[in-house]
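In this document, chain identifiers A, B, C, D and E correspond to the written order of the chains, with residue numbering beginning at 1 in each.
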């Protein structure tokens, strides 16, 4: 397997605070990797750096052999990286359908002029998009809520819609920031299945931040553990679960998986 | 202590709560579990006055609660809201002091502040940082701490373990038990049903706006259908 | 040299006029997060109240001044009740507040024209018009008074906001009404206080302007400049509002004095843009990175 | 009191509608109100004395907010729906020029009161517009009078100008003052601008002070005149102040009595004229307000219209227009003798007024050439 | 009412509508709030007039040039200010509007503050209607395309828009340029309706009027903008006989609408055949819906 994403000596400082310090890790293509660590360890910050929301203080982020650090977020999305947010950021007043449709915009390329004169290119482009949205709605089991305004969806469905919206870009690398937050164990297990299914169907590479250990341990090929902005450990789920440093800093003595 | 009778809440056309009855006794931990969108937050928001129910009575210590949310806080009911809602533009310390807004006993406020810092050392480290830039979990700790600063008698906790690291989840539940020992009453909404049920005295299962089941927490923890639906044991 | 010093004095005095308006406006902005375009209208009404108290009711200046400030405060609070509160209760976006404020501003100006009439009214003279003379440089007495009053009101506001519990509640409410409510803050009362304070400042400004520039229904238009000054200094920041105002006053004066009075406002605008490109949240505004 | 809709049938034939437009709101409302009051007062008097040609007149006044588009709408309504015989007003050139096309469409004459831009009655090619008239003199004339008087009579050779860059009237006067003053061998030592709405002029005045002029020309309206005069004196400028017909008002004296002492301005009339007194007294008695300058010109516009109707012997707008072209009537601001080629009043001498002891004192009639 | 008078109101409504449609794209669909659109109208008006008066260009072509000129100016302004947030952008556009007016006041070539008379009168009801129909079609087509959706996404949530690959700055520029072009054409029509131009026709109050119309009609609704333009242009005319009370009533009505219908007249909805159908089916199925909506999210 080839490496799709690599962080090389990445540092991010906020004023005097080093949120991420000298970070190095690699993500293999088509894998599911986990990013875990105590609260405030710098996980979300790493996502923000990868997606261009923050500029790095130092270091390189390499995606498919291109340096992408400090690029504009939309360009990074263009290259095939997208994400979901820890604090959900949907287009609140648009419907489920419109949220996904908007995100599909990359998959056709008619111009403003084409749109205004409604030519063939426009029509075939739109048709393609509509089919794509339909397919996504099916996969994510959102079809029956397609005309509901995003703000009025229950929390769990909002998270699912965020994933659907991200998938609409047909990304190569998808970053999920606490996708199971606010879900009960049963729902979390369903989400796990969904993530695996997505990976297979869309040929995706996934990087997941989560505090639900059953999810991380259940689907990840590899896990990176952060603490105070530094890498604490890296390895397979077994290695991590038994690593005393990880247990001390993050998991706790007693097995919390229920 | 707290009694909710025939509570009905609508959001426009959505009937979010459909005739809910619950009762919370002093000194108890009462837990409410249920899947996404069941109406748990709506129930807590109705008690704290943020949501105005269309029908039903909520009474606290035998008296119907007032309409204005700040008057409800004055009675000693405090909510730690879902999604934290920390004051992003204030420092961590100022957030905690805002929690004690209705109190005037300066000295005890100082003491309580120290207590909070002991509970959450991370907050002391970050006490001069703007709350908006805290990590998700740090914000959750801050929200808890802020709620405790009000020295309430009844605490409404809406998913306090949301987004917390496993170690902290454990700590949070320990803290909840500690709070109970301080002779406070807790109404707890949680997705981590197993944990919630194991520390609660009593529990309600909320489904689609109605109470599906109620009883002693231990009994509910044994209930097979509950285990399947909420604890994922069927899989 | 003395001409230059005179221009600086001119600039400072114009700046303090802007500042007096900008702090009240900035205060409301800091909590409601919208530009209260009715602020000028409240200033105008304050000026009229002071005028009628002094002429028709023959009250002494200090009494008229105080009552005008209170009257303007009450007006601001009433406006909040009628034009903004219903929007606030619905969590309407800031655009709607601005439009409502504009409606209020049109309403106030024209209700005065329709009832009291558009005539200019001259305040009875309180301060001598002979300026203080420092060598060849002159400083108007009323200007000195305004300078002092804008300084004092700034200090007072900063004290209230930074040092009192109410101040902290104001900041908390500014961030989230809902979360403040959960802390037991009576947010309606906080907003009442903020609008009241803003209104009182508008009343103070109104009387001083009335004395300086006469009273007429469009006197509130001067506030346009103070809005620009507040942006210059950083919206919602009170020291920013004052510094922005003083700077704008001095820059305008120097432009008019040494470059071109015809294009003065154009240059002020170019400078505003330059400052905003350099610091997108004004001189003193906080630059907050949007945290994902 | 809102005007009623035109009545139907026979009754309608008895009442003739005359329109008035101008600012009742906005920043020119002071002047517009005075015009409206004057026009209404005069037609009331005319009606009491039996009307014109035996018919009663109804005035329909519409507000324009000082906006050209509003003026167009208002005149459209007056000429089509209200079927007025003529329109009096507006009080500003911008609106007067904008409505000329409507007047031409509907063939109704309009008599502007204080629209001093030459283009109000003639187009770019110098051809007269068939339906536009006015009773005031024009900017070039007033500017030239002021400059002529300053050089020839007062003997000044160094002038400074402070003017409102955003105001057409102010720019007009400035342009022609400058032209004449320089033409007569004088020098403009400083020319500074401000923008409508400004209340502080000290930066410009400080600069003017450096230039040390003998006379400071202030071609704008009395509120700004009062403020800038006060500030000028405060800064130690002792030049003689001069201005145009925007000056006269009681407010000016209330606000800046000492500062404007000894100043001169160009006016349409001598306020001490006995005929003027009668009108002033009647107006003040009725409205409890001082007369603004516009009142006198509105007075003359009514007089001019009345005489034209009588001469035409009809209320037909086109016939009234024909009569207006050669009208010659004595007004309160002097003899109004319309020139058919320009539709301007000809040979109207300007009155030079000096402020002495807080009073407007007539100096002499003066005409520029 | 007389047709000549009504025609006048309609022409003005149409001119306002054209500018409002543009502003609706910017404010209603992209979420940017401008106080400088009178400035773009002024640029369009003076450019168009220059084309017809000084270069004898045909009116239609001149209007296009006017729109183009306004769009060009907007691109320069946008480049400098579109990164600013909320009120900062508002005040920057406000400054721009005032600056344009100040320049025109001083440029004697266009008559300065005294104005520019003698512009040919070419604007009639017919061409106003035609231009508006074209403008609406362009706008609807644009909004119902990926480009329009991208703009709406930016209005809703800027960071998420970037993450799904929308070049936020570029779309803000497009939106601003199109809306400025609309305003420019509207300005050109205004110039050739009155036959006279003066900088004071483009005061701040003009910009705020346009914004009031957009919000009054309902943000994000083109039918709302159309209704808003007609209602709010006619309202002062209907109130004309109230004289100086007119604007008191106008101001009060603006407040009243905002507090009673804070989403504006149309509240983001459009009048269209499908929506009318939807409304009917919604009404007929109200009873059924109540029982199915709930916490079911499986």
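What we mean here is this: a residue touches a chain if its C-beta (ideal position, glycine included) is under 8 Å from a C-beta of that chain, and two chains touch if they have at least 3 such contacts.
Please read all numbers here as calculations on a predicted model, not as lab measurements.
The minimal number of chain-to-chain contact steps leading from chain B to chain D is 2.
The chain pair with more C-beta contacts between its two chains, of D-E and B-C, is D-E. Farthest chain from chain C, judged by C-alpha centroids: A. When you average the Cα atoms of each chain and compare centres, the chain farthest from chain B turns out to be D. A separation of 43 Å divides the Cα centre of chain B from that of chain C. Centroids of chain C and chain D (each the mean of its C-alpha atoms) stand 36 Å apart.
Chain centres here are Cα averages; for chain A and chain B they lie 29 Å apart. Between chain A and chain C the centroid-to-centroid distance comes to 47 Å (mean Cα coordinates, whole Å).
Along chain C, residues 110, 113-114, 224, 262, 265, 290-292 each make contact with two or more other chains.
The set of chain B residues touching two or more other chains comprises 14, 35-37, 133. Residues of chain E in contact with two or more other chains: 102, 106, 159, 244, 246-247, 295, 297. By the touch rule above, chain D contacts chain C in their complex via residues 24-27, 29-30, 33, 165, 192-195, 197, 199-200, 202-204, 206-207, 209-210, 222-223, 226-227, 230, 234-236, 251, 254-255, 258, 289. Across the complex, chain E is touched by residues 29, 34-35, 82-83, 86-87, 90, 92, 94-96, 98-100, 102-111, 113-114, 224, 227-228, 231, 235, 262-263, 265-266, 268-270, 272-273, 276-277, 280-282, 290, 292 of chain C.
For chain E in complex with chain D, the touching residues are 1-5, 7-9, 12, 101-102, 105-106, 112-115, 117-118, 121, 190, 193-196, 198-201, 236-237, 240-244, 246-247.
By the touch rule above, chain C contacts chain D in their complex via residues 3, 6-7, 10-11, 13-14, 17, 110, 113-114, 117-120, 122, 129, 131, 136, 138, 140, 209, 212-214, 216-218, 221-222, 224, 252-254, 256-257, 261-262, 264-265. On the side of chain B, the complex with chain A involves touching residues 11, 14, 33, 35-37, 83, 122, 129, 133-138, 140-141, 159, 162-170, 191-195, 228-232, 234-235.
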